[in-house]
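The structures considered in this document are given below.
Note that chain A is present in both complexes that follow, paired respectively with chain B and with chain C.
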Partner chain A sequence: MNQTSRFAPYLYVAPLVALLLFVFGYPLIRIFEFSFKMVRGIDGPWIGLRNYELVLNQPLFWESVQHNLLLLLAVPFMVVWSLLIAVVLYERLKGWKLYRVVLFLPYILAIPIIAVIMKKLFQFNGPVNEVLRWIGLDFLALDWIGSSDVALWTVMMLIIWRESALGIILFLARMLSLDESLMEAARLEGANWWQRVWHVILPQMKVVMEFYIVTSIITILSAVFAYVYMIGGGRGGPGTSTMVVELYIFNALIRTSLPGIASAVSVMLFLVSLLLIVPLFAARRRANEEETA
Partner chain B sequence: MRGGMAVKRQHGVRVKPDQVLKHGILIVATLIALTPTLFMILTSLKSQQEYIFNKVGFPQELVLDHFRSVLFESDFVAWMANSVILAAGAVALSTVVSCLGAYAIARMQFRGRGLLFSISTSLMAIPPVVMIVPLFVLYTQLSLISTYEGAILIYAGLITPFSVYLLTSFFRTLPRELFEAARIDGAGDLLILIKIVIPLSLPALLTLVVVNALYVWNDLLIAIIFLQDDAKRTLMAGISVFQGRYNDQIPLTMAGMVFASAPMIILYLAFQKHYIQGLMAGSVK
Partner chain C sequence: MTGKWRQSFSRRELLRTSAAAGAGVALGGMLPAWRARAATELNMWWWGEQELPGLQAFVDDSVKKYTAATVKPMLQDTAVVISQFQTAAASGEAPDIQFLWNGIYHMESVWLGYLQPLNGLVSDEVIQASNPTLLSNFGGNTYRVGWYPLPMIWIYNKDAFDKAGLDADKAPQTWDEFLAACEKLKSASIAPVGGGIQDGYWGEWYFGHALAQNVDSAGETIGLFTGERDFREPKYHEHWVKLEELRKAGFFNPEISSTELYPGIDLIVAGKVGMGLSVGSRVPADSKATNGRIGTMVMPVYGKGKLAGQPIFDSQGLGIPAKAKDPKAAAAFLEYLQSPDRLKALHELTGWIPANKNFDVSVLTDPTVRDMWQRWGLSPNIPYLSNLVPGQFYEQALLPTAQQVVEGKITGEQAGELAYNVAKEWRDFNPDIVENYQKWAVDLGG
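Up next is the complex of A and B:
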C-alpha cells in the first residue's frame, strides 16, 4: 500500500466510469426526461403523460407486446431440446467433441446472415417446401415468410434453432462439472440410463436451467430486433405480423421521428428488464456458488 | 436413419439399441444445426439456372462466378472493412478501459468499489435498444451520426460491462504473493498491471477479444441507426440491403453470405475453446 496514493484507484476507474456514464447513464436518465416531453429535433416542451397515453392507446403497440409475449413460447422448447442434446452429449459417445463443435455453430453465425439463409430456405417455392411435398407432407408446405398467419412462428422457429445452441453448451458444461461418483453409485445400484438422468443429473441442473430461462426471456423480450428486421423486411411484415417492441421503438425514432414516443416505450422496456435483472443475478450467484462448492 | 445404420456396421453386433438411438438423436440434431450452412455453401456454387430446378441437391457443375461478383461488383469488401474498423476500435478501447478498471476493482481498496462492480455487472442485462433514443438525438446534435468514432464509442460502452466482469473475476484468481513480491521490488501499480497481470491474463483477454469482436461484427441495431451513410455501412447492415437488391438471385445472395460468415466461422474454429469459455463466464449477450 505504501506506493499507492489514496487517489490512484480513482484514476484507474475514471475512464471506465466515464464510458459507462456516457453509454448507459446518460441515456437511461434522458429516456425518462424525453418520455414526458414532446421532442422535436433535440428537445421540446413538457407534456406530462401524453406520450404514454398515446402509446398505450395504440393497438400497434399492444400488438407488438403480444408478439414478444407469444415468442416466449419458444423458451420451453429451447430448454427441452437443449437438455435432451446435452444429456446425450454427456454420454461422451465416440465423436462427441465434434458433435459439440457443430451443434454450437448456429450461435456463431450472425443473425442477419442466418435470417437471409432461412428466408430462402423457407420461401414458398423454396427447398424446404419442395422436400415437404416430395415426402407427401403437402399440408405442411406453408407460406412460411409471406403469410401473416405463419411469419411469427417462422421467427420463433429461427429463435429456437439458434438460441438452443447456447443452452446445449451451458447445460453440457454443468453436467461435465458434476461429481461423477454419484453417477457411478447410481450405476452400481442398478439404475438404468433414464433413471440416472432423471434422479441424478436433472435435480443438479436446476440452477443452470433457471439461469438459461431468465437469460432467454430477456433475449426474447429485448433482443430479437435482428431476427424480425430481416425476416419481416425491415417493417415487421407481412403487414404487422412480426412487429415487436424493439422495432416499435426503432420506427418511432427513425421512421416517424418521434423521440418522445420512442422514449416512453424505452422506459417501459427498461423497467421490465430491471424486473428481470433480480432473478437473473440471483440465478447467476447460485450458479457460481454451485461451481465453487 | 442412415447414420444409425453406419454406426451399427462400425461397431458390429455389440451395439445396444439405446446407443443407436443416442447416435441417432445427435445426428438429427447435427443435421438441423448444419442444414442452413450446407444450403448456403451448396447453393452459392450453383448457377442461377441450375438453382431453379435443383434446389436441394449437390451442384452438378461448380460455378464460382457469384463469388467474383460479390468480391468485385458489390460493396461487400468495403462493408467488411467498416466492420473490421469498428470491431477493432471498440474492442481495443473497451479492453484498455476494462483492464484499468478491473485491476482497480480486483486489487485496490477504494470507496464505492463494490457498488461500481455491481452496477457495471447489472448493465450486462440492460437491452441496448433502451439506450439508442437519447444517443441518437445527441449524436444528431453533435454530427456524430455516421462517424466511426461515434459508433466505436457506443459499441465499446456496450461490451465493457462484460469485459469488466470477466477481467475482474480473472484478476481475483491471481495469487496475492505475486503482487506482494513485485511491490517489494518497488514496482508501481501500472507496472504490475502491464508487466505481470496482463501477461498472465492472456487466455482471459483472448476470450474477451473473440466474444466482443463477434458481438460488434454481428450487431445490426446500432449499425443501421448510427451508421446511415452508405460509405460507413457495416457488413450486417450491408447484408440487409444486399438481400433486397438481389432478391431473386439466390445463388448470388448465398455467395455473399458465405463470404460474410467465413471470418466468423474461421475465428470460431480457431478459438473455439476461448469462445465457449467466454460465453460460459456468464455472458448475457
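Up next is the complex of A and C:
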C-alpha cells in the first residue's frame, strides 16, 4: 500500500470526525471545565473541587441517586415481562401481529403524552381509583401521584409499561430469527413448552437480553427525566419523592442558576454511564461474533 | 428542466450565476443595515401569553401602531425566560427590552450587571404609575416598569357559603372566623379549603400569603435566607404549622395532593371546595362563569406582623438590558406601552387590567373585578414575599415542604427545620449572592 492510499481512508472520515468532535467533544470539555468553576452567566472563577464537594455533601443529591437506584428495580421486571410476552407472541396466537403492534404502541408515543394520560387516570379521584372503589377494593385506591410513599412506584410502573415495549420487539425479533429446526427437534424429542423455552429459546437469547439489560440500566440512570418531570409535577414531587439525578441537573442549570453544580453532576453521571457502555459494547461484539459464526 | 438546457449550461455560466447569487445575498445582507439607518430597530423579548391569553395580540397591535421605532418582539418559552436572557446578556447579545418577573427573578440579573436602572430613562411619573412594586428596587434605583398586575388573593364560593349557612357577603377575616367557616362547610359536605398542590405552586402562593403574617417588612424575610433570622424560630414556620392543623382537622379537599394548581382553583369555582388561593387575573373569567358568585378575600389573620391582613400585589414587568443598543428608544417604547391608549388596548385585547394606576376603571363592568382592583391595586398593599426566595430554596424547600405538610409526611416544625437547612445550603452554594441579598434587604426595609 503506498503512502497516499494509507492515509486516504483517514482523510475521508476526517470531516465527520471533526464535526463530531465539535458537536460532542467541545461541549464535553466545557462541561468538565464548568464543573470546576462557579459559573454565573457564561463563565466564572475557578474553584477547584468545590462544586463536587457541595454536591456530594448535599442530602438531596444522594436522595436523587437513591431514587435512580430504586428505579433500577424495574429492569428485572421489564426483562421478565418482555420475555413472557415475546414468547407468547412467538407461539403465533391468532392475531399475534396485531397484538405486536398494540404492545409496541407505547414506545412510539411520546412520553409526555402517555404521562399526561396516566396522570389523569391515577389522580386520587381519577378513573383508576373510581373503578377500584366501585369493585370494593378501596384499600388499593391509593394517592398514586400525590403521596410521597407511592409516587416513585407509579413512575416505575409507567417506565416498565413503556420501556418493555422495546424489549418485546427486540426479543420477538430474535426469536423469529432462531433456527426453527431446533424447536422442531425438541418437539419431536417430547420436550414440553416450558422445556423448549428454557432449554432451546432462552440460551439463544442471551446476547440480546444482555443488550436490553444494559440499555435499560443506562435509560434508568440517565433518561427518565421526561417520566419524573411529567408525573412529579415538573419538580420531582410530591416533596422530593421522585427527584432523580437528571432532574437535579435540570434544576441546577435552569431553575437555580448554578451551571457549575449542574456540570459537576453531569460529569459524574457521564462517567457512570461510560462505565456501563463498556459491557454494552462487549455484548454487541459478542452478538456480532455469534452471527458471524 | 430539459436535458438540452443542462448540456448548454457551461462551467463558466455556473460560476457567473454563483457570483451573481453571492452578490445578491451580500446586498440583501446589507439591506437591514440600510433600513436601520432609516428607523431605530428594537428587539423585545417578552413572556406572558402563557398566563394571559391575548397578550400576543396586544404586543402585535402595539408594535404595529408604534411609529418611532421598529420593534421586533419574540415570545420566550417559560422554562428559559431567565437563562436565555442571562446567556445573551453575558455574551453581549441581549435584546433592547426584556420581560422581567418580579423580585429575585430579575434582581439576580441586576447584580450580574445585565440590567440598567430605569431612573432617568423612563420618567419617574410613569415608573410610579406602572406599579413595578418595591421588589424592583435595588440601591435606590428601579429596574422595571409594571406591565400587567397579579393581585395575590384568596377566593371563596358564595354558593358554597350559602349552602353552609354562612354569610356570603362577609368573608372570614380572622383565623378563628376562618376555622368556624371551615367547620360549617365541612358539615355541609363541602371541602372547606384547598385546591391543588401536585405541581407545587400552591405552596409558593401559600408561603407568600402566610409568611407575611409574622413579618414587619419584606427586608425581614430576606434575613431568613442570609442567616440573620432562622426558620426554626416558631413565628417563621408558624405558617406551615397552620397547614398541618388544617390537614389534621380534615379541612383540605381529599384530591389536593394529586391535583395541579389551576384545576384546583376550578374546584372552588365549581363549588366543590369552599375557599382557597387564587390570582386576580383569573377573577374576571371565574366571576363570569359563576354569575358573580366568587368572592375575593385577604388571607384570614392569625399573625402579629405588620404585613398581616394586607392585600398582596405583584406585577409582571419590562426592563432595559445594560447593553441595549439604544436605551432611550427602548425607554420611549416602554412609556408608549403605558399611554392611556395602550392601557385601554391591553384591557380590550386580554380582558385583564394593566398594572398602571391611571387605568380608567370605569370600563370595568363586573363589580367583583372592580372591587378587587380597588382593594389590591389602588389601595395600600404589600409585595409578594415569595418573590424574594432564592431559586434553590424555592425548589428544595418552598415547594416540597408545603406538599409534604399537606400530605402529612412532615410536621410544620419539621418544615421549618428543613427550610433552615436548605437556606444554609443556599448560602454555601451561592456565597457571592448573599452579600447582594443583604444590600437588597436595606431597600426593602430590613
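Criterion: the second predicted complex is superposed on the first by the 272 of 293 C-alpha atoms of A that agree within 3 Å, B and C clash if a C-alpha of one lies under 4 Å from a C-alpha of the other, contacts with A are read in each partner's own complex, and residues count from 1 in each chain.
Here, a residue touches a chain if its C-beta (ideal position, glycine included) is under 8 Å from a C-beta of that chain, and two chains touch if they have at least 3 such contacts.
Small disclaimer: the values here were computed from a predicted structure and weren't measured.
Novice: Touch test for A:256: chain B only (first), chain C only (second), both, or neither?
Specialist: second
Novice: Who does A:37 touch here: chain B (first), chain C (second), both, or neither?
Specialist: After superposition on chain A, A:37 lies in contact with neither partner.
Novice: Go through the superposed model and pick first if A:67 touches only chain B, second if only chain C, both, or neither.
Specialist: After superposition on chain A, A:67 lies in contact with neither partner.
Novice: After the superposition on A, what does A:15 contact: first (chain B), second (chain C), both or neither?
Specialist: After superposing on A, A:15 lies in contact with chain B but is clear of chain C.
Novice: Is A:196 contacted by the first partner chain B, the second partner chain C, both or neither?
Specialist: neither
Novice: Which of the two, chain B or chain C, is in touch with more residues of chain A?
Specialist: B
Novice: Check whether A:148 is in contact with chain B, with chain C, with both or with neither, and answer first, second, both or neither.
Specialist: second
Novice: Just chain B (first), just chain C (second), both, or neither: which does A:112 touch?
Specialist: First partner only, chain B.
Novice: After superposition on the shared chain, which partner residues are touched by A:240: those of chain B (first), chain C (second), both, or neither?
Specialist: A:240 sits against chain C, while chain B stays out of touch.
Novice: Can you list the residues of chain A that touch chain B in one structure and chain C in the other?
Specialist: 41-42, 126, 233-234, 253-254
Novice: Chain A touches which residues of chain C in the complex?
Specialist: These residues of chain C touch chain A: 79-80, 82-83, 86-87, 89-91, 108, 112, 114, 197-200, 254-260, 390-392, 394-396, 399-401, 403-404, 407, 409-410, 425, 428-430, 432.
Novice: Over in the complex, which chain B residues touch chain A? Could you list them?
Specialist: Listed in rising order, the residues are 18-19, 22-23, 25-26, 29-30, 32-37, 39-40, 43, 55-56, 93-94, 96-98, 100-101, 103-105, 108-110, 113, 116, 119-123, 125-138, 140-141, 153-154, 156-158, 160-161, 164, 183, 186, 188-189, 214, 217-221, 224-225, 236, 239-240, 243-244, 250, 253-254, 257, 260-261, 264-265, 268-269, 272, 275-276, 279-280, 282, 284.
Novice: Please output the residues of chain A touching chain C within their complex, sorted ascending.
Specialist: So the residues of chain A in touch with chain C come to 38, 40-43, 54, 58, 60, 122-126, 143-149, 233-235, 237-240, 251, 253-258, 261.
Novice: Within their complex, state which residues of chain A touch chain B.
Specialist: Within the complex, chain A touches chain B at residues 1-4, 8-10, 12-13, 15-17, 19-20, 22-24, 26-28, 30-31, 34, 39, 41-42, 84-85, 88-89, 91, 93, 96, 99, 101-114, 116-121, 126-127, 130-131, 161, 165-166, 169-170, 173, 193, 215, 218, 221-223, 225-226, 229-230, 233-234, 246, 249-250, 253-254, 259, 262-263, 266, 269-270, 273, 276-277, 280-281, 284, 287-288.
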